[in-house]
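I've put the structures underneath this note.
Two complexes come next, and they have one chain in common, subunit A, joined by subunit B in the first and subunit C in the second.
Moving on to the complex of A and B:
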């Protein structure tokens, strides 16, 4: 136990690791800061959701309608006095270029205008929600994507075989009204991309870098220092390798936790999601360019939790990968760069297969593709045709690398130290 | 000299060379390959490129007034050809279109016309008729040339121009430099992305190769031995020299390889064109495209040699491999960002870029590594051998 603790301390308290962690945290804060211009809007949307509830139904629409019409009438009263004009909608008001809004109206009035136009946006969109949602066609999207990526032959067959599942899930979302919920609209505020792409991707890449550094450092510590003959002939002996392995795992998971907890705490304190924790992620307002529904009926909170869990699994997986490399390469510098190359090779593996082959599709079932596409995790997409894309990928690679680590652990017990 | 050669042998260790090769293959495939195999990239880039080639072949590297007239005549001929095409095409006849002008008027008309749109998409995308792609580009070129006094340089600068910028634009227009034939889209755009990717690739390769230079000796406990030899502590400078020489060799090798590959893009015909062309952007200096490429290579050398010296310094102060990577990583990120944003000539000499800023960046890049190495050298001469 004491040895394990010392190994962990060695990793985490190494000045470079600490400094990098701080720099990465600073970078994440910077990312939040440069995107913080939407935070007031999000507050207003929360307020809106608080007033009407997040679920969209006839009753709520009715209430929204009457409030919207009342607000619009008030707006028209104001504009009548100021510029002697009335408008059919806030859209028409803002497209009128005959006057300059900030000069003509007071701060308070402008705020009211903004509130009304927000209400208008959500009322109009909620009113046409069903139509808009039904205009999505998972099969059409799939065919389009296959055309873009030039997928044909058996690969296309494989995807087409899944169409039943696509449609089934689509109908399920339609029937249980998962899509009928208020959420910050992605076409305007892009919060999904901000949180699950910008933030998550940098979190993942940062902790991936630290993972490789820490693992290479801990596993090869004795070889780097030239103390291996001493330590591995002590009473603890070669079992130390296992201690190091656990130490690396624990250290990586802790660093990821630190990065994750601090960054996400700051994120959610800047961007308010107060009313939206239990809104289904497949809400129409959460649809973006590359996704519009999740394979699972997850609330935003569930989705976030699932993403966090997947992030942990991926980091553990990459730890295993580095451990395997560090077993055979006794120089942490080379381990780092070999890992980079391996990462790159896995990333471009699809180039080897023709796009008609099923292997081409399976080529995206890798942790590298997962880590680079965090914003479409658990989302229904044509190219990752199954609902179990994430599970299959993680499970398969875990089996491979756990076996590899077992083999390494065994082989290390009897290997030549020189 | 022999020591330097021996040190360089250590840098070019076979295992390192192998990884160097893999890194370069990957970087090439991920970042450079596309700009070489897919140039010009789609349409109308291809048409712009073809028109540019045609113009240079016909008019030389500058377009004077008579040549502009001729170019207009060519446009009229093209339009006539388009008319003939339209007249002989059944689909146009069905819609009652008899000339190119009628077609354009209908396509750009106020009302959306389903049939015209379908026809356009067939002509442009399914059949890919060159004429219909080229005519608008030719019209744009003529327009750019005719309004060069009013528009050149202003269209892509936000806000007000400073006196200096104004003067520079006037200078280019007055002196006739602006008549240069240089299709900046797609030639310059392509060069911009590819030169950045090449610089980044070489940067990564060089840092990878030379960073372990000092730490290898530290790991093998060589310092005690080295300091007590006849050469003693002046070995430090020899190793620095070996590192810089290796960096220079690697850069030269990769520059030859990658720019050699770039030369297969068939941009040779534009090499003597001035980059301050009415078809392109405004720069602070009068360069031909060839000079611009040479300047880019020179700047690439400067950036990477500066970073190499810094890497050598980091190597000399670190006690394990992880610290080297940990320190070099943020530095690499900064340089990467500079290369992408402003350090290479195309961005550095752009009219909106303050030349003081660029001077400052390059001074920092030269001074800091030299100062760091100098400090380390001084410290090295008096430091305790057991430290």
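Moving on to the complex of A and C:
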């Protein structure tokens, strides 16, 4: 335990690691800051959800309708007095360019207009929800995706064989009313992309950089400083290699936790999700330019928890990969650059296979593809075609690299330390 | 007792040591050979860092590699290139090494200040090692080797970087330590071992050349070492015929210590051979190669 703590201390107190952690946290705060212009809108949506509940049903629609009509009448009273005009909708009001809203109306009135406008948006979209949802065709979406990537032949056949599952899940979302929930609209606020693409991708890439640096640093610490003759001939001997492996693992998981907890705490304190934690992630409102329908009935909280767990698994997996490299390359900087090359090679592996080959599809079953596409984790997609894409990828690579680490541990025990 | 039993070591196809057989009991052993003769390879095998290609190394009849930590806890080792953490002070560094050696924190807290005092580093206990001179670093190395009160103390070129005063202090320290343990001291500097070693081991052509007391080894050159004086212009011709061991100017002439296997001349004084004479004689080919 004492040795483990010494090894963790080496990683955590490294000036490079400390500086990078601070820089990365600063960058995450910056990302939150530059997107913070939507935070007031999110507060209003939360207020809306608080008033009507998040489940869209006839009763809720009726209440929304009467409130909307009353609000619109109130808006028209104000506009009639100010500009001698009335409007059929808030959309028509904002399209009127004959006056400048901030100069004509008070701040309080503008806020009321915005709230009515929001109510209008959610009322009409909720009212037409069923027909909007039914206008989606998962097969058409999949075919379109395949066309974009030029997938044909056996690869296309493999995807088409999964269409029954695609449709089954689509119908399930329809039948259990998963889609009938209020949620910040993706088409306007892009919150799913902001959280699971912008923020998560940053968090993952930052953690990945730190993971590789920490692992290479800890595993090669003695070789970089020429102390390996002393440390590996001590009573602890070659078992120190395993201590270092555990230390790197603990340090990496801790750093990811620090980045996650701090960044997500700031994120959720700026962007309120108070009313939406239990709304299904497959809500119609979460479908924007991208098609976000999860393979399982997951609430926003469930989805976030699953994404966090997957992030941890990926960081552990990348730790294993770096440990294997550090076993054979006894210079921490060289390990880092070799890892970058390996990352690139895995990323472009699909270029080797024709897009008609099944290997082309399997080429995306890598932790590299996973880490770069966090916003579509657990979502129905043609390219990843199976509901178990994440599980298969993580499990397969874990098995490979756990065996590789075992082999490395064994070979290190028996190798000559010149 | 530590026994090296017919050990050979190869790196790929390159053989470094062949059929080495040695036995060590308590006392100081000087492992004396020029650089590149295989001293460090032998030492790394004794510290389990290298595995023998052939043969076995036994401690009290048990293979040291099978003994694992039960063997390693008995050894103290100062490598030739003693690495250290520049940003640690000696106290922190020894604390870490104590943990690796299985010494409790409390025991280490008591022992480290004493050891650092022993190697005259008590004033630098909290000073970062990046500010240390070569001699100070080497003394930290000596302190860490003694941290676990080893039964087998293995020192690879331990006096490198030490000034003459420190060398004397170090030799005295070793003489004290050697009473109840095996001390193996590898060096290519004869003076490091000739006053303290009970036995000298010389390695030549990948094999053990001598393992004996200094007196016995010096006997090999009995009646072959002479001193004489000559004019400077005669020196180069003389060197071509005899192996010159040392030369110094005296009263406007050159005084030469040399080896002759042919018998004495009238103006030569026969002198007692020293370990350095044997060293220079045995490794003369290697010295010539290095000079070329």
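As a working rule, the second predicted complex is superposed on the first by the 418 of 418 C-alpha atoms of A that agree within 3 Å, B and C clash if a C-alpha of one lies under 4 Å from a C-alpha of the other, contacts with A are read in each partner's own complex, and residues count from 1 in each chain.
Just so it is clear, a residue touches a chain if its C-beta (ideal position, glycine included) is under 8 Å from a C-beta of that chain, and two chains touch if they have at least 3 such contacts.
Being a predicted model, the structure only gives us computed values, none of them experimental.
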Assess the superposed three-chain arrangement around subunit A: do subunit B and subunit C clash, or do they fit? fit
Identify which of subunit B and subunit C touches the larger number of residues of subunit A. B
Going by the contact rule set out at the top, does A:150 touch subunit B (first), subunit C (second), both, or neither? neither
Considering only the touch criterion stated at the top, classify A:351 as touching first (subunit B), second (subunit C), both, or neither. first
First (subunit B), second (subunit C), both or neither touched by A:334: first
Which partner chains sit in contact with A:217 here, subunit B, subunit C, both or neither? Use first/second/both/neither. first
When the two structures are overlaid on chain A, which partner does A:231 contact: first (subunit B), second (subunit C), both, or neither? second
Pick one for A:16: touches subunit B only (first), subunit C only (second), both, or neither. first
Angle subunit B-subunit A-subunit C between C-alpha centres, in steps of 10 degrees? 80
Min C-alpha distance subunit B to subunit C after superposition on A, in Å, is 5
Subunit B/subunit C common contact set on subunit A: 225-226
Residues of subunit C defined as touching subunit A within the complex: 11, 44, 47-51, 68-69, 72-73, 75, 77, 79, 81-86, 96-97, 99-102, 105, 144, 148
Parts of subunit A lying in touch with subunit C, wherever the complex brings them together: 2-3, 6, 222, 225-237, 240, 414, 416-418
Contacting residues of subunit A [partner subunit B, same complex]: 14-17, 19-20, 23, 209, 213, 216-217, 224-226, 331-334, 336-338, 340-341, 344-345, 347-348, 351
Of all residues in subunit B, those that touch subunit A in their complex: 15, 19, 22-23, 26, 29-30, 208, 211-212, 215, 219, 221, 320-327, 329-330
